[in-house]
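In the two complexes that follow, chain A is the common piece, with chain B as its partner first and chain C second.
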Partner chain A sequence: MKAIVNVYLKEGVLDPQGKAAHHALGSLGFDNVSDVRIGKQIILTLKATDKAAVEAEVKEMTETLLANTVIEDYSIEISE
Partner chain B sequence: MKKLTVSILQFPGTNCEYDTVYAFKKMGHHTHIVWHKEENLPEKTDLVVVPGGFSYGDYLRSGSIARFSPVMKAVKQYAENGGRVLGICNGFQILTEMGLLPGALKRNNNLHFISKHQTIKVINQDNAFLNQCSKDEILDIPVAHADGNYYIDDWGLEELEKNGQILLKYCDTDGTPTVLNGSVEQIAGICNSEKNVFGLMPHPERAMEFVLGSEDGIRMLKGFQHA
Partner chain C sequence: MKAIVNVYLKEGVLDPQGKAAHHALGSLGFDNVSDVRIGKQIILTLKATDKAAVEAEVKEMTETLLANTVIEDYSIEISE
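And now, the complex of A and B:
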């Protein structure tokens, strides 16, 4: 199974990289962008086959190591 | 003066451990460098220093992997028993990642690695670390970091202020707090509520010799021998 973990700064926590990219898009003439947030994607390949168990385990991995929940939110997608 | 036994941790990617040894030896203390695979701290450790550098290449987030090294279990227990721990730069990042200090350190607002001499102001000196400094004193200490932008939520900030846990702020030469990296309230250093765990982004161990620009680091680090 595969798990895709997306980690990004919480709403309300200023994202300096997103802000810089937003500014650059504006200078290139893309005026239609109202906000840019930059996160990271962590792709895990897992040996287990039980989806619910995998989901619980990946959540634990994310809260322990992959994300710092003081400043970051995350989402998890599990696929075959 | 009390002669201290100072245990200085070393991870793959640490690069300030020998400067830290130099600083404490210059003040007459015993030092040990402790490899991160050790499971125990040297006996009679009076102070643990988590020094600066780029542990594990800053992969994932600065300090996020080092916090799981075997020695950190011993450090956590040491701190929970009231032992004194000082985290400098990457050490500060590691201590926030492991929850020994509140908040987190984000990428600098201007996205630059900032490396220069910086004036910082002493906000609270009533603790085991800064007791040889005076309140509102201005110190000249080098900074060198990419992830020094201190973040804490409003509730957490209120707690820090209430308990006198804000130790240092970035300031200009006349003491007015100044934006260096985007830190909340221009915070450069804090401690925990029990006041035995300390963390700061500036490098006092690089300010030990007048001929190298500043010896204000001595006044900061010698607090531990008086407390």
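And now, the complex of A and C:
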């Protein structure tokens, strides 16, 4: 099974990488952009086959290692 | 409008960050994981309202700045 974990900074947390990209896009003439936020997308391939068990395990992995839940939020999608 | 750009390394390109996360998950006892790939998720907020125009513009931004198309692939989703 595959699990996609999207990890992004919480609202209100400064995102310097996003700010830099925003600025660079402006310099290149893309004036339509009003905000840029940059997060991580983690794609896990797992051997297990039970969707509910995989979801619980991936949640545990995310909270233990993949995301810093003090400043980051995350979402998890499980697919075959 | 919002645009979500997912940028990930092409198949076959070594992903050291993913390998490190995979190894760390193994050390923590998560033995079910057979592969980890880590990419970027870029969330753009745009002032324009025409979906087709936004999609074309975001594609140009991605190819110019946000992704390195030599080693990275990307996908774009546009939402209201």
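Here, the second predicted complex is superposed on the first by the 80 of 80 C-alpha atoms of A that agree within 3 Å, B and C clash if a C-alpha of one lies under 4 Å from a C-alpha of the other, contacts with A are read in each partner's own complex, and residues count from 1 in each chain.
The rule is simple: a residue touches a chain if its C-beta (ideal position, glycine included) is under 8 Å from a C-beta of that chain, and two chains touch if they have at least 3 such contacts.
The structure displayed is predicted, hence computed values, not measured ones.
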Residue contacts on chain A - larger count, chain B or chain C: C
Touched partner set for A:L44, first chain B, second chain C, both or neither: second
Partner chain in contact with A:L65 - chain B first, chain C second, else both or neither: both
First, second, both or neither for A:S79, with chain B first and chain C second: neither
Which of chain B and chain C A:P16 touches, first, second, both or neither: first
Touched partner set for A:F30, first chain B, second chain C, both or neither: second
Chain B versus chain C as contact partner of A:N6, first or second or both or neither: second
Residues of chain A at both interfaces, chain B in one complex, chain C in the other: 65-66
Sites on chain A touched by chain B in the complex: 9, 13-14, 16-17, 20, 65-66, 68, 70-71
Contacting residues of chain B [partner chain A, same complex]: 60-61, 64-65, 68, 96-97, 103-104, 106-111, 149, 151, 182
Interface residues, chain C side, partner chain A - complex: 6, 8, 18, 21, 24-25, 28, 30, 32-48, 54, 57, 60-61, 64-66
